[in-house]
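Two complexes follow with chain A in common, the first pairing it with chain B and the second with chain C.
Presenting the complex of A and B:
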């Protein structure tokens, strides 16, 4: 089935992904269809498993300072920096509305 | 005019007092050079993984036990997604599905009519306590249209304490938070200093008519002190009542408290309601806690957090300490509140009592009236008092043995406050404040005074 345009826009806004063209949207549809196969399995009365690690021991670390003090290295990744601060735009830049963007709708 | 019932709930974030962060080994410290306390994991560099800090787990368990919660022997970690410059990973690791502690309660006390002599005890339910990461800090530079980001705080462990909407006004909210602060400080799980951002409070406020369903609530943020918490809540209650009485509606929105103007302002984002796309944290298995019953002999102690072991080692909570002070020293309940409200005052009081013959019921007057007012006047903390508990005890002994009068004692106290290193006895001698004890000497002086007066009367009559 088709993924409604409103849902696509919502997903693009939430996850900041760009489905770019008809091929991208088709791939999304395939992914959803693949995941929907899970509904075929009867899980009545079963505890959900949300991680294959569920029976592993969660390792607890001692409260010692073992890292940090690498300001220079970290700032190497920054496009812009001021006096050891990372520089970012003032608040989130809102994604332009669907009509204002070149997306799959316009290209298909 | 129909009456309104205000409803107040609180979400409190307390920074865990630990050496290193919740999921990484970088240091936790207030005010350090920007981005100096940041590990690769905190900066969300690829290939890094979270490793849970045992001390943070213990802090959360301690706090849960102190707040009468059920500790979940199995709790889970989740990712809460949103985009912001001070959240490098694009998500916060939190406990949304199954937090570490649930269903507790906190008792706090209020003065009726601002009179300390009438106190009433109230209870607020604790919905849950969850472990989560703190974000970095954003410094907004509006002039240059940019934000400076410091990740030193990113990844620091937080305990989020959710209080149910059982409170009805600013005073109750403030009293509940104050008691929580004292409990956290007593446990040592958080230093809970609001001024340093170690304790942050968001208030959820709504109003409704009795018998009707709850009204739409707003969330109030940016509250920087307990005093402002009371103001912000009361302002928001008033604002909502006025809005509704004028026929308006309340929007389910987030508002910021402006301490300068004493009001709340809308923070409504153009982006609309947030969808956090919660998902299980795939890199962390469930957190399993043990107790005496579930513990097995072959377990590695370093990997085990034993709830019963922690429970046995809980210190006396403020409410217990107060009850003990009242019982041991015969002071009033409201006195015990004041003693615990000032850091170090209870210890000071107990030390004076230990070193003086004066009864505790009399000593408390000196502590709460003389000492405390001197401290407050000069904005000093108990630990910085120029008059030590030993000096005060010496002074009170002089008074108790009737070597000086009550007014003389107050004079000596004032002198002692100068901190010139003199003992009470030295000051008494210097200023000749001793009370005369000798009966004969007293009679002689009185007689001499009478004789002098008779002479004057005689002289007057002759003249």
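Presenting the complex of A and C:
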């Protein structure tokens, strides 16, 4: 069962990670094929399990400020910053379309 | 401090090592990835802080598979870790060099992973204890291959705050030591509720000392039949039987039990792990910390370039697979389905422990450590799927498990056996492990002088670029 090219492109956009080459695409297909085995199991009437601690109550602490004020330390690790802001390139510009990239045209 | 009898704690002055996916304030933390090369955390992981508060001496951060993804500690940017046993007299005796040119360099074996660096550090007497992490077996697997004790505590017992997450619902900090008693000591220092990790339970943890003389006659040991997997080496099989007999002869009740959904745990893990990874790796975008690409055209293209440059193929592959399983059209069929299967796996254990079984005894790995040249012939996912088979289910169910060195293989390399216990019953688990350790009398590694190699010999060749 092939993973359509449109899905591959969609994944690259969602993940912001590219397949890089045919090998990467092949690996995804393998991964999907491997996961198919799950469908052999009968899970009728079962609730999905989010956490092994599902029977316990989550710890809630008082909504008081106990720490913080570490702006300078946190900014140390950022490469581009201005005053107390992280600087990013302009947003709202979509990634170039698939045809403009050479990732896996030959593969689908 | 020791002189006037005022140590900070039990570990004052004791050398420890920490896997490089735990944040250490002021000390580079890389997760063996280009994404975090040069990253200096502004805080200590809770478990690191606890060790330092004791006065423990942090010798260094240990190598791992990139972002803890892997079962060989071969896929990090710093290169693979060599199992210290490759240089032991025990291994060399069984694998004599045929010629001068064919020296140790071609035959060295892997440590297992992903906490291979930590296991190697403990195994080579570099430190008293090391921290690893365990998501699918990453502490127990290298422990078995390196002949050390690898403890995976119950999920929720030890804080994950500061442990760079892989799979939030399965990750735990792991403890590697040479003896079970030492693991109990370290556990006592690390366990307990942490307000900074909401997945730690609130019950008060009582540190314990393991008894000197242990009576196992009241115990019921379960041998899960589904762990007789194809690929299990005859050596490990025999060792497992021998251990079961050991318990039986000492008066414990040893019975065969069934965990019927075991064959599905790897597939289930594959889906849940990649899905959580896709989510956890999303934070690495170059903006706040870590590597940042020189791309300025748009935010998205900068993120994409950063992630292409920063992550290796294994990580990227898992992110893509994870995103696939999380797509709207796949979510129910894969992710939710896997979560349901997870419940089945967890329930298998509940049933078995509820029927009177106290501890499960299984092998930890399929065989002894493979030579590096053999190991890299298969890709990371295939290897992980093979190697995690025996350890993974304990992470699914959140149960405590420990690998104890049992014997040397025909090739002179360590073999370990695994004990799995009930939730939060580490004391019982480690007591049984200690009893076994005393019976097994696993030999000490005899490290010989290594010839001084040319630096180039140790240069890791990233040959399998398809990984």
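Quick note on the criterion: the second predicted complex is superposed on the first by the 97 of 108 C-alpha atoms of A that agree within 3 Å, B and C clash if a C-alpha of one lies under 4 Å from a C-alpha of the other, contacts with A are read in each partner's own complex, and residues count from 1 in each chain.
The working rule: a contact is a pair of C-beta atoms (placed from the backbone, for glycine too) under 8 Å apart; a residue touches a chain by one contact, two chains touch by 3 or more.
Predicted model only: the values in this text are computed from it and were never measured.
In the superposition on chain A, A:34 makes contact with chain C only, not with chain B. Shared-chain residue A:85: touches chain B; no touch with chain C.
Of the two partners chain B and chain C, it is C that touches the larger number of chain A residues.
Looking at the shared chain after the overlay, A:20 reaches chain C, while chain B stays out of its contact range.
In the superposed model, A:70 makes contact with both chain B and chain C. Look at A:62: by the touch rule set out above, it reaches chain B but stays clear of chain C. Of the two partner chains placed around the shared chain by superposition, chain C is the only one that A:43 touches, whereas chain B remains out of contact. Of the two partner chains placed by superposition, only chain C is touched by A:3; chain B is not.
In the superposition on chain A, the residues of chain A contacted by chain B and by chain C overlap at 10, 14-16, 50-51, 53, 56, 58-59, 61, 70, 74, 77, 86, 88-92, 94.
Contact residues of chain A toward chain B in the complex are 10, 13-16, 50-51, 53-71, 74-75, 77, 82-92, 94.
Touching chain A in their complex are the following residues of chain B: 18-20, 24-27, 33-41, 43, 45, 51-57, 76, 81, 83-85, 138-142, 145-151, 270-271, 275, 277, 280, 282, 284-288, 302-303, 305. Here chain A touches chain C in the complex through residues 3, 7, 10-12, 14-20, 23-24, 27-28, 30-32, 34-35, 37-41, 43, 46-53, 56, 58-59, 61, 70, 73-74, 76-80, 86, 88-96, going by the rule given at the top.
On the side of chain C, the complex with chain A involves touching residues 39-40, 42, 155-156, 169, 193, 195, 198-202, 261, 264, 267-268, 270-271, 274, 278, 285-290, 292, 295-304, 307-308, 311, 313, 316-317, 319-325, 327, 333-334, 336-344, 346, 379, 381, 385, 397-398, 423, 466.
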